[in-house]
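There are two complexes below, and they share chain A, which is joined by chain B in the first and by chain C in the second.
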Partner chain A sequence: MSSTSQKHRDFVAEPMGEKPVMALAGIGEVLGRRLEEKGFDKAYVVLGQFLVLKKDEELFRDWLKDTCGANVKQQGDCFGCLKDWCDAFL
Partner chain B sequence: MSRFVEAPAQLSISRLKSDLVAHNVALPPAKSKKVVYVELHLQHIDLKNAADFSSDEEDQVQDVADEEEYTEMPDPSGLTDDELKAALLEHGFKAGPIVETTRALYEKKLRKLLQSNGRGCLNGVEKGVLYSDDEEEEEEDKELGSEEEEEEEKTVKESDQAQQGSSQQLDMSIVDTMKNQSLYYTPKASPYKRKMKLPQEPVKDTIKNMFPNTDAMTPGIYATRRRPIKGAAGRPVQYAYPVTPVSPMTLEKREVERRLVPIQIQILVFLIVTCLLYFIYVCVEDNSFSSAVALLDSLYQQSDSQEGLLLQAETQDVPALSGQD
Partner chain C sequence: MSSLRSKSAQDISDLLDEYGIKHGPVVDSTRSLYERKLKEAMAKGKKGKASPDKTYYREEEEEVTYEYRTPVRSDGAGDSGSYMRSRPEWSEREFEHETSYSSYLRSKPEYRGKDFVDEPAMYDTPSTYRHSYLNSTPMKSQDAPKAPKSSRLIPLWVQFAFFLAVAVFLYLVFSNMETNESLKGIE
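What follows is the complex of A and B.
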């Protein structure tokens, strides 16, 4: 099992509800602000994008990079976080 | 009269490409300089035009028609959503809904696929051309071949670092000549990647079948940080390591161990209680209170007698002591 951060575990532990986008693993203040500017102000909006891309890892990573400039680690953390959340609740 | 026959140098690269294709001329690799296209254009097309000068207009019409029929559709942004989806499907990639936010991504994906497939096409065509009578084309191909080899040497070193993005194109050049296939199978640390690998493999197989000369393109190599070894390389044991997964049996054992000390106390208490109960049971069985009282008195008498003995001993001692003085 790869190591997951506390943020990841907190996010995957319960339905995301109205959590802000910064609650996602890999998305901190800077990236969160950039996403909010683009209109992705809540975690569920990013989830929407993730699902529209059919949970494809490569496309989602590219989208994250283009939208908020996330690096490889941040992309991976966010993708993993959303994927685990979907496995648990979707 | 020379309006229709423009100097090839004035045409754009895409126009030169489409012209070459229209006249069934082998295209050089995607990133060749314009000079290469211009030369080929001059060799084949201008000779043709000089011969059939009167049918210039027809040629123009044909060129335009050929451009539209050029099946690879080099400009993904000019496609409609449905066409984009169809083009992606042609290259073996099943795309999801193409909406505003996803369109850019799918266009990029199509461009990547076009480049990798374009190279695959060209490799096959190059080999066919090598056996043609034209000496100049052979020389050009050799030059291009040597360029690719130089790129290979660089990319062998660079791809060892296994980075995303730029390495994709470099990986493709390695993959083209199928020299070092082991690089394609770099281990992927992320488990998510492992899961995603499975649905992608059938896609890559179809591409392999379509273009037997090339391997499928790697989506990118992702490296995650390896968990540091405890106490290795002078690293102090300060890291908070995640709790290792514990089996239910060990959990039960730990719980039992926690209770062992209190268990002894519980047993002791239990014994005391049983003694008391037995004592009471005995009393009750006699069915007379007086006997219980007698029992109690006997106990007290015993203790009293013990005290009395002690007192006597003390009084005897005292006179003895006083006697000694």
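What follows is the complex of A and C.
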């Protein structure tokens, strides 16, 4: 990874368990709240969506943008975070 | 255009394959995404891919550059023609700037992002000036009709005044540095 945030590293370091959706890299308070309103209240639910979209970057980015209005950077951070987590634990 | 909502998940899946859109299973959480993608694909397909790929020139200085130079380059017909016409106007400034300001302005990169890019581009070197001048030249036709108003954070005269003030200041500092010897050499 060229430049990953501390949040990313923290998330990828261990199984996500019951971590809230705001633990994902790129997802702060605002986006987290929007995701929770749509029913994605835990990180693993977003993981579920990520997997249903076959871990495809474009699809996941589009979905994230549609669902909570994430910008390009946030989309990328979240995608990268989940992807790395899957590489490590899935 | 038939309503995508009423289609079955299988139909949506087939349509996605038709348009060559990579997709996963069409479930509740992914359905709206795929419907939107199909809508876009259909719109594109009908129009024959009229994608509005506007290259937005986010750098305001490009517009501002032309605003400022309009009185100089009234014609703007040929690149070389107007370039040479305005060049003697700027050469005076270049002269007094290069003496003492090149170092000063190099340490002020923040101005580049604003309206001040006009001046630093010239202060550095003639080649830099030429480069930025030509850079802005091809965009003129596109920028002129776009947004004619120039939003200056700092009025231009303020910039000039500040610039001159710093110039005078530096001159005074320089001229006062050699108190023991005569000031002949400075003249």
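Assume the second predicted complex is superposed on the first by the 89 of 90 C-alpha atoms of A that agree within 3 Å, B and C clash if a C-alpha of one lies under 4 Å from a C-alpha of the other, contacts with A are read in each partner's own complex, and residues count from 1 in each chain.
The working rule: a residue touches a chain if its C-beta (ideal position, glycine included) is under 8 Å from a C-beta of that chain, and two chains touch if they have at least 3 such contacts.
Just so we're clear, the structure is a prediction, and the values are computed from it rather than from any experiment.
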item: Touching partner for A:Ala13 - first (chain B), second (chain C), both, neither; value: neither
item: Partner chain(s) touched by A:Ser3 [first = chain B, second = chain C, both, neither]; value: first
item: Which superposed partner A:Gln49 touches (first chain B, second chain C, both, neither); value: both
item: Broader residue contact with chain A after superposition on the shared chain, chain B or chain C; value: B
item: Which of chain B and chain C A:Leu59 touches, first, second, both or neither; value: both
item: Which of chain B and chain C A:Gly76 touches, first, second, both or neither; value: first
item: Footprint overlap on chain A, comparing chain B with chain C; value: 49, 52-54, 56, 58-59, 62-63, 66
item: Residues of chain C that touch chain A when the two form their complex; value: 22-25, 27, 29-30, 32-33, 36-37
item: Chain A partner contacts - residues on chain B that touch it in the complex; value: 96-97, 99, 101-102, 104-106, 108-109, 164, 189-193, 196, 219-220, 222-225, 227, 242, 245
item: Residue numbers on chain A that touch chain B, as the complex places them; value: 1-4, 49, 52-54, 56-59, 61-63, 66, 72-73, 76, 79-80, 83
item: Interfacial residue positions of chain A with respect to chain C in the complex; value: 49, 52-54, 56, 58-59, 62-63, 66
